[in-house]
C-alpha cells in the first residue's frame, strides 16, 4: 500500500518534470535554450517514471531494464543535444537576441567541420578509423 | 563525421546495443522481442558506429558482407524447417530438445528460424544503409 | 481515493506535455527545433509507457520503453547529421 | 516428403545458391538452368500426381487446418505451376544471351528465382494472407527486375509500376484485414464455409469488390491496367517475357480462386461486373495495341486484351466458361511470351523495336518469319493453333449462357487482334526496310539460346492445337473442380496433419 | 473409313513444306514435279466418280477435340467431288503455269509452297463434314490467300489488298463461326451430314434465323457478294496464276460451296430464299455493271467473276431443283473458262508487259496458241454454243423463268448481266488478238508451252464438255446437285432443246452483248465519267472504317494511357469507391452503423487527436524534413496505440522500423529536390475530394465491421496451444516463427529482395550511359 | 474507441491518397507510407480492440483465455516489415530516377506511356541487354 | 585489464537483464560480452572503474545537481519573464583522456542551466551554452571549480 503511494509520488514528480520540459520547449526563445530545458527535464522525468515502475514491480530483471533505460538516457540525451546544437550552429540557427556572449563564433573550420582555435590551421585531429572523405554520408 | 563526443559515445553505446539485440532475440519466444526487433537493434548499433566513425570502419567491425548474412539467414530458416522431416513430421514441424538449455531456455527449430530472421534483418538493413551511405 | 487515480493523473500530465511539445513541433521554426521536439516527445512516450505499465500491471511494456530509448537516439543523430551536411 | 513444397524449396535454395555465387556469373547461369529445370520437373510431377489422385494438400508445420497455413494444389493450380516451370526454364535459356553480364553481376538470378518463388507460392497457398505474402515476394522481385540496369526508360516505367502495384497490395491487405474481422479465419476453404453464414451478405460483397479491384490491378483489367503498358516494354525482353507469362496470370488466378471459392453470395452482381469489365478490357486493350508502333508496347496492350478473355470465362461462371479461361490462359502465356522473345530477336537482327524503323525481314529471314507467324496467328485465334480452340471454347461457353453481346465483342476483338498481328507482319517483314535502317545482323539474333525458347513456345501453341482434346480436357476437369468448391474444401479441411 | 482422303490432305500440307526445297533442288522443273501431286490426286478422286455417281459416299472420322465438338471427319459426296476435281485439276495446271510465269523469281519456292498449302486447305474445306473442321480449313484458305495476294510484298498496294481481303473474309468467317456454333448447339451435333437431316429441328428453333444470317455472312464475304465484293478486284494484286486459281476458280466459290452444302439444313425457308437470292441478284448486276469501264484485263475478269458468283448464289438462293442444277453446271463452266481466261491474261501480261485492253490488239500472230485458248474460253463465257457456258446459261434462264412470282425480275436481271458478260468476253478474248497492234512495253512473242498449255487445256475441256455434256458434264453435275438437294436427281443436258423462250433469251443476250462490244469505247468513256459514284461504294466505306478505327484507337489510347500517375490513381480510387459503394449501399437494406464507443480515456483521445492533426499538417507542409519528422510522429503515435491495446511486440517493431525509415528518408531525401507547389488549387481540391471518398469508404468499412458481432476466430487455437505445442509464451512470436512461419519466410525473402534491389539500383545504372562492356570481354 | 480510430483511419487514408496524387515523387512516397500506416491501423481496429491485455502467457499459466487477438498483430507485424523493405526500395528508386532523369515531377515522367513520335533521321535506340 | 572489467560488467548486466544471477547466466553473459567486445572495442581504453568509491560519490553529487538543475529550470520556465542572459562560453580544460571529456560534456549538459556544445579538436577547450552567463570570466571559474575539478579527480 505504502509502496504504491511512493510509486505514485515518484511518478507524478517525473510527470511534472516532463511537463516543465515541454513548457520550457515551448517558451524558451531560441533553440539552445530549448535544448537546455528539454535535455535535463526529459532525462530526470523519464528516469523518475521508470524508477517508479522499478519500484512498483520490484523485480531484479525489471529493475535492471529500468536501469538500462536510465543509463541510456544519461548517455544519449547529452550526445543528442550536442549533435543538434552543433548541427544547428552550422545551419546558422540564430541565437536569441538577448545572448550576451558567443565564444564559438568563427571557430568551426568550414573545410572539414573541425572545431579549432583558429580556423586557418591545418587539421590536427582525425578520428582513428575514418579515412579522408570516407564519411557516413558521401 | 568530426564529432569527438559522438565518436566516444558510440564506442560504449554499440556494445550495449548488440548485447541487447541478442537479449531480445533469445527471449523473444517467451517475452516480447524476437528476431526482427533484435536484428533491427543490432543493425542500429552498426549504423551508429558507421555514423560515428565511417562505413568502412563499420564494415570492418561487421567482418562478414551483409549479403552473406542475408544468404546465411535464409539458409538457416530453410534448414530449420528440414528438422520436421527428419523425425517424420511435415516440413517446418517444430523439433524441440526435451531439456531446456541454460540461459536460452527451451531450444527448438522455431527459435533457430527466428535466428535466421535475425540474420536476414541485420544483413538487409546494413546492406541498404551502407550502400546508400557509400554512394 | 484510489492510487490508480494518481497514475492516471500522471498520464494526464504527460499527455498535456505531449500537446505542448506538438505545438513546438508544428511551430518549428527551424528543423533543429522540430528535432528537439521529437526528442522530447520520445521521452514523453517513454513516460507514458511506464505509467501505462504500472496502471495495467504489464511489466512487459517496459521493454518497449527500452527499445525506444535505444533506437530513437539514432533518428536524432541522423537528423543532426543531415542538418549539418545541409549547411 | 511432399511434392507441394518442392517448388518453394527449390526456388529458395536457388535464391541462396545464386546469392552465394554472387560474383561468379558463369556459375549463376548454370545454376539458373538447373534450378528452373528442377522447378519444371516438380511442376510436371505435381500435375501428374494431381490429375491422377485429385486435389493434394498439406499443412505447413503440421498445424491443422484452418489454423496453420495450407498448401493445396487442385488441377488448376497444378496446371499453372507446370506452366510456370516451363516459362521459367525457357526464360532462363533465353537469358543466357538475353541478359548481360552486368545485370547478372547485380543479382539478376536471385531475383529471377524469387519471382518464380512468389508465383509458385501464390498458386500453391490455401491461405488468403499467405497469398498476400507471396504476392509481395513476386512483386518485390518484379520491381527490382523491372528496374535492374537503371536505364532511363526502366526507371520511369518502374516508378509507375511500383506505385500502382503497391496501391493494389494496399487494397489487398485492407480487404484481408476486414475479411478476417468478418469471418475470423484466413484459410480459404474455411472462409468459403464461413462466408456463407455471414449475416449481412452486403459486407461480403463489398469485400469481394475490394478484392476485385486489388487483383484487378495485378491482372491489368480495365480500368486498372495502366501500369502494364507503361512499364512492360522497358526491361530486357527476357524479363518482359517472364512477366507477360506469369505476373498478370497470378492476378487472374487469384480472381478465379476467390470468385469461385469465396465470393458466391451474390453471383448475379459480382460476376456480371466481371463480364462487363472483361468486355471493356478486351476492347480497350486491343485498341491500345492498334495504336502502337513499338512491338513491345503493342504486345503489352495485347496482354491486357487477353486478360479480358480470361475475365469473360470467369464471368460466365460455368464449367465451360472456366475451362475456356484456363485453356486460354495456358495458350496466352505460350503465345505472348513467344512473341516477346521473337520481338527481342527481331530487335537484335534489325536494330529496333519500332515498326517504323525496320522492314524487309520476310525476304531475307524466312525462318524468323515462321517463328513470328506461329504465335502471332495463334494469338489471333487462327486455326489450327491453340488460340483458335481457346476462342472456340469461349464462344461456345458464351453462347450457352446466351451472352450474345460478349461473344460478339470477343469475336470482333479477335479480328482486331489479327489486324494488329498482321500490322507487325506487314511492317517488319513485308515492307521493304527503310533507307536509314542499319544492315540486318543475322548472327546477333540467331543464337540457339534465343531461338530455341521462342520455337519451343511456338510448338506448345501448335501442340495445344493438335492435341486440343488433351489440353481442353484437362482444363475442363480443372474447371469441374473449381465450379464445385466442396471438393477443395474437403481436401483442405478433411486432410491436414 | 477411307484413308485416301486424309492421305491426300496430309500429302498436300507436307509438300507445301517441301516445295521450297524442291525448288532449290530442281529450279527448272520444280513446278512440273510438284504438279504431279495434285495431278495424281485428281486421278485418284476421278476414280471415285463412278461410285459417287451411283450415290456412294466416302467418309473418314478421327477424334480431335470432341469436348469442343471438333472431330476430324471427312465426307466425300457429289458436291465435294465436283469441287475437289476443280481444285486438284486446275491446281496442277496452275503449278505448271506458275513455274513459267514466275520463272527465276527469288521467292518461287515459297509460291509453290503457298499454292500447295491453299490446295490442301481448299481440299479440306470441300471434304470436311464437321462444321468446325470446315471452319478451320476455311480460315486456312483465307491465310494462304493473304500470303499469295501479298506475294509482291514490297508493293504498298499488294499489302493493302492482302489485308483488305483478309479482314473482309476473316470478319465474315468469325460471324460464320458464331453461326456454326449456334447451329451446332441447336442441332446437337456439328456433323453437317447429320445437321442436314435435322433441318426441321433447326428451323423450329428461335435461334435459327440468327444462326443462318451469321453463316450467310461468312458465305457472302468469302464469295465476294455485294456489298462485300470489293476485296476481289483488289486481290488482283496477286500474281495472275493466283487470281486464276484462288480468286476465280476455287476459293471464291467456297461461299457458294457452303451454301450448297448446307442447303438441306438451312435452305427452303423464306428467309433463305429472300436473303440469298437478293444477295445473288444484286451481286450479279453490280459485278456486271462495274465491269463496264474497266480496261485492265484482270479487273475485267475480276468483276465478271463477281457477277458469275452472284448468279450462282442467286440460283442456290432460289433453290428449286432446276436452279440448283444450274448453279452446279455454272460452277463447272465458270471454273473452266474463267480460269483459262485469267491464265491467258497472265500470258499477255507476261509477254507484252501490258494488261490494258484499250492498248492491246493483233496479238494472234505472235501468240496463236494463246489466241486459241482465249477464243475457246471466250465462247464459253459469252454463252455461245457449243461451249458449256451456253448450256449453263440456258439452264439459268430456265430456272429464272420458272421462279414465280419474281420470274420477270430475275430473268431481266440475268439478261442484263449475261449481256454484259458477253460483251466483256469479247473484250478479253477478241480485242487483244485481233485488229491493229497497240504499242506495248515489251515486244510480244510466243509464250513458252508451260504458259500456253494450261489455259488451252481448260478451254478445250470447256468446249468438249459443251459438245458432250452427258458424257463430261452430267456425271459431275448430277451427283453434286443430288447432294445439294439431298435427293437423287437426274439431269438431261444438251446443246439443243428446240426453239423456246430460253433460246430466244440467249439470242437476245448475245445480240445485246455484241452491240455493247461494238460500242464499248463510248460506253466505257461514259462509265469513266461515273467513277465518282464509287465514292459511295463499300470499298470506300471499308477504307474510311479502317482509318476511323486507327484514329479512334490512337485517340482513345492517348486519352487513357496518358502517363499522368494522378489520373491513374484517381481512376483506381474512384473505381474502388464506386464498386464497393455499389455493393455496400446498392443492395443493403438500411445498414446500421451503430458504432461502439466503449469507454475512451482522454489520453487515448489526445493521442488520436495528435495523429489526426499531424496527418493534416502533412497536407500543408512545404519542408521535406519537417514532413518526415511529422510522419515519424504519426508512426510513434500509432505505436503507442498498439501498445495501449495490448500489442507490445507491434509497438516495438513500429518504433524501430519508424526510426529506421526516418534515417532512410534522411539519407535519400537530401538528394531529392525541395517541395514546390505544382498543382493548381482547383485540381488540388478535386484530388482532395477523390482522396476523401477513399478515406470515407475505409472509415465506413471499419465502423461496419467493428459494429458486427464478434465471430469465433482461429486465434483461440493459438492462445490455447502456443505454450503447450509451440513452447512459447509470446503467442505473437509463436505465430510468427511457428504457426505461420511460412508468412515470415516469405517476408524475410521480401526483405532480402529489397536489400538486393537497393544495392543493384545504386551500383548499376546504365541510364547514366557508362561505357558498355560487351559480354565477350568479361570473365 | 473504434469510432475514434475509424476517424483516424479515414484521415490517414485521405491524406495518404491525396499525397499519392501529388506531382512530386517524394510526396507520392510519403503518401504510400501513410497509406501503409492507415492499413495497419485498419487491420488492428477491425481485429477488435482489447485494452492492455497482450497475448503473453504469464508464468505459471499454460494458456491464455482472454487477451487481445494475436493474429492481427502477427499479420500487421509481417505487413510492417514488408512495407519497410518496399519503402526502402521505392525511396532509392525515386532517388535514382531523380539522379538519372533529372526530375521528380511525375508529370514529366510520361515518356513510357505516350506513343513516341517518329523522325526517320532519329538514331536507333541502343539499349542494353535485350 | 579494463577490457576484462568492461567484460565482467557486461556479464553482470546480462545476468541482471535476464533477472537470474546464476552461474550459467553469468558465464553466458561473459562469453557474450567477450564476443561483443571483440567485435567492437578497438584501441586503448583507460581504467576508470578502478576508483569505485569516487565514482559513487561522483554519482551522488551528480544526482543532487541534476535535481537542483531541474528545480531551478522549473523556476525559470514558470516565471512570467524568464530573465535570461544566455551565452556560449569557451572553457579551457586539461583532462587525461577522451572518456573524461565525454563524461564532462555530458554532465555539464545534464546540470543547471548549462549545455555542453562541443569540444575543440585538440581537446583543450570545451564550449558551453549557459542560461545565465553573468560575466563570462566568473562563469568560467564556477565551472572550473565545479564539475571540471571533480571529473579530473575522478580520472586522476
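Details
The chains carry the letters A, B, C, D, E, F and G, assigned in the order they are written, with residues numbered from 1 in each.
Here is the rule we use: contacts are C-beta pairs under 8 Å (C-beta built on N, C-alpha and C of every residue); 3 or more make two chains touch, one makes a residue touch a chain.
Please read these numbers as outputs of a predicted model, since none were measured by experiment.
Without chain F, the rest of the assembly holds together as one piece through touching. Nearest to the overall CA centre, using the mean of each chain's CA atoms, is chain D. Two chain pairs, B-F and A-C, are weighed by contacting C-beta pairs, with A-C ahead.
Separation between the centroids of chain C and chain E, computed from CA atoms only, is 71 Å. Look at where the CA atoms of chain E average out and do the same for chain F: the two points lie 46 Å apart. Chain centres here are Cα means. That of chain D falls 63 Å from that of chain G. Spacing of chain E relative to chain G, judged by their CA centroids, is 86 angstrom. Shown for chain D are the residues in touch with two or more other chains, namely 12, 15, 19, 60-61, 100, 102-103, 129, 133, 136, 140, 143-144, 147, 149-152, 155, 160, 163, 167, 174, 178, 180-181, 186, 226, 229-230, 291-292. The multi-chain contact residues of chain A, meaning those touching 2 or more other chains, are 23, 35, 43, 59, 62, 65, 68, 72, 75-77, 79, 82-83, 86, 113-115, 125, 128-129, 136-137.
For chain E, residues that reach two or more other chains under the stated contact definition are 554, 557-558, 561, 563, 565, 569, 644, 648-649, 652-653, 656-657, 659-660, 663-664, 667-668, 670, 698, 701, 705-706, 713-714, 718, 729-730, 736, 738, 740-745, 747, 749-759, 761-763, 765-768.
Partner chain A is touched in their complex by these residues of chain B: 1-7, 9, 12-13, 16, 20, 50-57, 60, 133-135.
Interface residues of chain A facing chain G in the complex, by the touch rule stated above, are 17, 20, 23-24, 27-30, 32-33, 35-37, 39-41, 43-44, 59-65, 67-68, 74-75, 77-79, 81-82, 85-86, 89, 95-96, 98-105, 107, 114-117, 123-125, 128-129. Of all residues in chain E, only 601-603, 606-607, 610, 613-614, 617, 623, 625-626, 629-630, 632-633, 636, 640, 643-644, 648, 651-652, 655-656, 659-660, 662-663, 666-667, 670 touch chain C in the complex they form. Those residues of chain B whose C-beta lies close enough to touch chain C in the complex are 1, 6, 13, 16-17, 20, 24, 31-33, 37, 40-41, 44, 47-48, 51. On the chain C side of its complex with chain A, the touching residues are 3, 6-7, 9-11, 13-14, 16-18, 20-21, 23-24, 30-33, 35-37, 39-40, 43-44, 46-47, 50-51, 53-54, 59, 62-63, 65-66, 69-70, 73, 76-77, 79-81, 83-87.
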